[in-house]
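Provided herewith is a single structure, encoded as structure tokens, for subsequent inquiry.
Order as written gives the chain letters A, B, C, D, E and F; numbering starts at 1 within each chain.
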Amino acid sequence: MTGLTWTDDDQQRYLAIRDDLTQVSTASACQLLIADGWRNTWMNRLLPIRPLGLGTRIVGRARTCRYLMQRGPQPVGQRSPDARRASPEIALIESLEPGDIFCVDALGVPTAGIIGDILSARIKARGAGAAIIHGAVRDSPYIAELGLSVFCASVHPAHSGRDLVPVDFDRPIDMAGVQVLPGDIILADDEGAIAMPLHLAEHVARVGPPKERLEIWIRDKIVAGGTVPDYYPPSADKLAEYERETGERYGH
Amino acid sequence: MTGLTWTDDDQQRYLAIRDDLTQVSTASACQLLIADGWRNTWMNRLLPIRPLGLGTRIVGRARTCRYLMQRGPQPVGQRSPDARRASPEIALIESLEPGDIFCVDALGVPTAGIIGDILSARIKARGAGAAIIHGAVRDSPYIAELGLSVFCASVHPAHSGRDLVPVDFDRPIDMAGVQVLPGDIILADDEGAIAMPLHLAEHVARVGPPKERLEIWIRDKIVAGGTVPDYYPPSADKLAEYERETGERYGH
Amino acid sequence: MTGLTWTDDDQQRYLAIRDDLTQVSTASACQLLIADGWRNTWMNRLLPIRPLGLGTRIVGRARTCRYLMQRGPQPVGQRSPDARRASPEIALIESLEPGDIFCVDALGVPTAGIIGDILSARIKARGAGAAIIHGAVRDSPYIAELGLSVFCASVHPAHSGRDLVPVDFDRPIDMAGVQVLPGDIILADDEGAIAMPLHLAEHVARVGPPKERLEIWIRDKIVAGGTVPDYYPPSADKLAEYERETGERYGH
Amino acid sequence: MTGLTWTDDDQQRYLAIRDDLTQVSTASACQLLIADGWRNTWMNRLLPIRPLGLGTRIVGRARTCRYLMQRGPQPVGQRSPDARRASPEIALIESLEPGDIFCVDALGVPTAGIIGDILSARIKARGAGAAIIHGAVRDSPYIAELGLSVFCASVHPAHSGRDLVPVDFDRPIDMAGVQVLPGDIILADDEGAIAMPLHLAEHVARVGPPKERLEIWIRDKIVAGGTVPDYYPPSADKLAEYERETGERYGH
Amino acid sequence: MTGLTWTDDDQQRYLAIRDDLTQVSTASACQLLIADGWRNTWMNRLLPIRPLGLGTRIVGRARTCRYLMQRGPQPVGQRSPDARRASPEIALIESLEPGDIFCVDALGVPTAGIIGDILSARIKARGAGAAIIHGAVRDSPYIAELGLSVFCASVHPAHSGRDLVPVDFDRPIDMAGVQVLPGDIILADDEGAIAMPLHLAEHVARVGPPKERLEIWIRDKIVAGGTVPDYYPPSADKLAEYERETGERYGH
Amino acid sequence: MTGLTWTDDDQQRYLAIRDDLTQVSTASACQLLIADGWRNTWMNRLLPIRPLGLGTRIVGRARTCRYLMQRGPQPVGQRSPDARRASPEIALIESLEPGDIFCVDALGVPTAGIIGDILSARIKARGAGAAIIHGAVRDSPYIAELGLSVFCASVHPAHSGRDLVPVDFDRPIDMAGVQVLPGDIILADDEGAIAMPLHLAEHVARVGPPKERLEIWIRDKIVAGGTVPDYYPPSADKLAEYERETGERYGH
């Protein structure tokens, strides 16, 4: 429950599945997880500001930050670089490692933008794979051009301090209906983003790609005139046809 | 009240108006229907995943399917092709005729996708004109590329069984604030979709195109500097000008 | 409190700042206004139907119109041109001056479109800079192609008379959480629209452009590897670096 | 469109119907108005803080006040009595006449209370019939005990200045989906409040009471075992029975 | 899927459990059903207009009716008693049997009241156990006094025809997030209403009462100073204590 | 930022103000805090299940617990007392001290009840002053009779495990728009609950009671016929009158 724990072994396991995971759509992964009883892995309506394109997927490790409502008056004057460095969202950004996914729980608040052009540029410079904001972002026209994938609920031109204040980082957060822990594996594409622990990511990386290949074969059959009762899911006959035609075995 | 009743005569009447109806925007059709006391014909915020393009319109016959919330545990194991064939949404898909519009009342539930890539591909293969989902779809990045127009309220990567179950088809349904009966005529463009019974579709097909032509003429006059009090709606003088310039008579 | 009061002096002051204001994003302007205690200047989620493009901004003078819910039955038959001319929304449209921003408070009602193709064309012909609708528009596919920037909350194919009626113009209105007075200065880009009185617009026009230039310099430093604690906001050292590199002085 | 216009003749007409109107429930009145094409007369979900009791109804004349969002910083320091006197909501309160209904359009904003204990006490002291707030009130525990009927959407302990500012009074306003004009007649009971112009109030006062009497007779028949097809609405036979039993004639 | 099927055997089974079921709170029943994988049995926020009182529960058989949005103009003039008799909601009301629960899916629409004083009186006269409306009711002040338990989402003074029209009865419906079939068993108290098929009602009637008795014993221990880890759920020791003190056996 | 820090000195300071604080309504306290720039202290719409009664106020120390969405399948079987004891919400309940306020951030989720009859009974037995749930409770009919004040957003018969899981306690949480820290001082009455740090509670306890006394005096004057411009806020004359009549000095 305290901070990010990520061992060298975790890193090895993650690297071993990363490429396989990019072969799985969020739709297929979400469905595999539900089949295992994991209902809540998709972040509701946190969508990319600019489409990634069909088939493009982002995989990375969740780094988390949490905001709460601002209580008192906004601080006046400029904070020192040291104070700035200690602020949770800055501490997190400055500790991002290549491929990390910057995940912010801003309570879904639509009235203040958590990151703008400059923080987004820094997140990109740190090598992050994406930023996902349960809330709003600002400078969205610029962010759309930046080359960093940013998922969010809405846009607002004010900065976060209008209503929110960061309270901690690398702890469990709520991302639009999903519990996300630091070190979770994120998979995202144009349908949104899902989070899962590493051991489930390994499961998805193992059973997802053959499932995707089977489904593409089914889709081709359907396009060629096959019927749903025959092919989706495939009858035993059709599964045999699949194995015959492709040389793959499925679900054994 | 029981199922789709569609006679040969209905078919003749439908074919007789189909092309005229594509000359009418949903905005013009909606307004004509309101003028006759039909307030609720537009499906609130069910919009195309990918724009059709200005002037492109879809016309077809409504085929309806209704989902309700799943109550018990999800069925385990694979259902037989016969059971699959009997499931309402599959029975409907497999009975679609060219030009039909696949209309699903999924209660607007945003947490489960009613159709994904494979069912969409089958709906297209059956020759359907469009699919309209009062709820969510999944595999939306693929669907956007498929070439079938799909209108929906939202996207979600889970399949329908996460929360919903189909209960019947070709019966009256609620499509985001519109009562839709099987056999209704659907008209859709980038502003959304409206439903109306055949006899009103005939009315719209008759009075809509001359109304569209008049409004384009008005718009051209406005672009050329005409004022709203003079041209919109046109004064008697301006209506005479219209008839003189175009050789058309309007509203006689 | 009564109508638009706009003197020659106001016009001079406005023309003197118009170009400078277009150098400021809504994000920067919104933030400057918040710093002065003006929390509510951004119209929540009134966004352009078609993107303007990064860096394109609209500046103009607010002209306001207010709708309320229709109470009784809709009037039957055609109104005379004189009655039409006297209707608040038409009176306002016909009095628009080049660069004015047509602002409509339609209570955010999503079930009726305030303007369609013809009124939009007239607003454009009058030389307006944009139309902003706290509510819905109709004929949105056409409007998207028209060349007039239209910001709104939603689309609906019905016209305003389905549910709404105009009651007055050039008086204070609510634009999605912002109090807008006739004669306010509007600044809009792809992140939405903000409203402010002329004297604050002068403030933004004065301090905004140097702030934008500084932030672009910061962003370039960040892209080149600078850290947030060093550059955002810039430490005294970095500010000196900025002044040295650019020859600009900031915040003195 | 400008302020309250209320002639001696209006006053006479109003006094002539006031008592009859209190015999009509909001449900019956609402229905009579819809039958005449007046769909929007009931203020959505503005309900009394404390129940009035079955059969208790409030009738009065609407006095209206409008708030918009606060824009700039809140004024510092105490305003002079003269400034206070000129503020729209105070000017309205101090001009209330016995039986007036204090109606405030606060945009439905739930984050600031428009009236608290002291203003409510003053409204009561002025002899007002009720206060209806499209928004929140504060000091609600006290108001519930005060003896003034207050209808509102919600409660909030902050005063109005947290987010709102009054802009004008005795002009048309939106009361939760109803257009209310100063001088409208308000009818309210535990099901909420409706607004209508004087001439429709006269209609309701004339046809409402006999309709109420007929419906009570129907209800008694139903309680005694009568069926819906026989009695509701009554068949010609049953209507004759009504007239025979009560000596009243209905709908002639 | 067609209409109510309810055999004499069903009736016997129902009578055999009815009294036991009234010993179970909706909270306990809901939890037992979730434990069996039935997530969606509670009708979201359909609450009684007037509290039933702690410990009072209603048990009955669901009779269902479905409304959809009104499409065209409202019918003018009075319908014949035969037409009225054939209308789905009237046909259902006139066929209610003692103890039935009148369940209406009105899409949750808040702008029209499904039943008022007269229909409620008739439902009561038919011996119904309760009416549950997924939508609004009218004449709520009267209904609160009537002595029929009515659960609903909101109140509105207009009758259903303002926006809705009944389409069928005794078919599957959506009750605020619950799929309800005709013949389902309803259990309701001040926390709301749940629906379940007869065989699950038998399960709840069997395991619910001993569970309630155990929980009351636990509660008493807690009130007397017992701790949560000891008593809730009870450790093996404490369960033995329960069995010793009460002579009951639990969960064997 | 870690857990509850509460020194003996804090305890002394708290005891010194507790009684004075109960003389201040949430409305007055909220307003005093806003005047100091603390906008967000009131928990939006978390209201008592059963009214406390006019003038009754609860004061206590916040103890906080946070839930997030359940991710995986619900655990099967019974947990050991040790595991139960370690669960965050149980650990917190078992560590409550007399007068503590049990504050739960359940994300406002309406589909699962955080506490029911047994946990509420235990919270009461621990001497807590109240429970406040940003989410739902179950067994609400029983809780209403229990004698513990429970504030919440809604009710639901399912227990928390249907959708939620506790993650930590005595850390900062979001309570319906308010940042609450463990050790904050809570003030609650029938208008809801506010949170503030101890030093602000001291401020409210000092300036609140004289403000309440002045406002009651004002209210009495208003009831007796005084006008708003004269008395609210009081003019210098009226303030002198207050001091003369009551012997109190105000605001010096």
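Just so we're on the same page, contacts are C-beta pairs under 8 Å (C-beta built on N, C-alpha and C of every residue); 3 or more make two chains touch, one makes a residue touch a chain.
Not measured: the values here are computed from a predicted model.
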item: Neighbouring chains common to chain C and chain E, by label; value: B, D
item: Interface residue identity across copies chain B, chain E - same or different by half; value: same
item: Between chain F and chain B, distance of the C-alpha-averaged centres to the nearest whole Å; value: 51
item: Centre-of-Cα separation between chain F and chain E, whole angstrom; value: 34
item: For chain C, residues that touch 2 or more chains besides their own; value: 39
item: Listing of all chain pairs that touch each other, if any do; value: A-B, A-C, A-F, B-C, B-E, C-D, D-E, D-F, E-F
item: Chain A contact footprint on chain B (complex, rising order); value: 78, 81-82, 84-85, 90, 93-94, 110-111, 113, 116-119, 121-122, 124-125, 138-142, 144-145, 154-159, 162
item: Chain E-touching residues of chain D, taken from the complex the two chains share; value: 25-27, 29-31, 34, 39, 42, 44-45, 51, 54-55, 189-192, 194, 215, 218-219, 222-223, 225, 227-233, 235
item: Interfacial residue positions of chain C with respect to chain D in the complex; value: 1, 36-41, 68-74, 107, 163, 165, 167-168, 171-174, 177-179
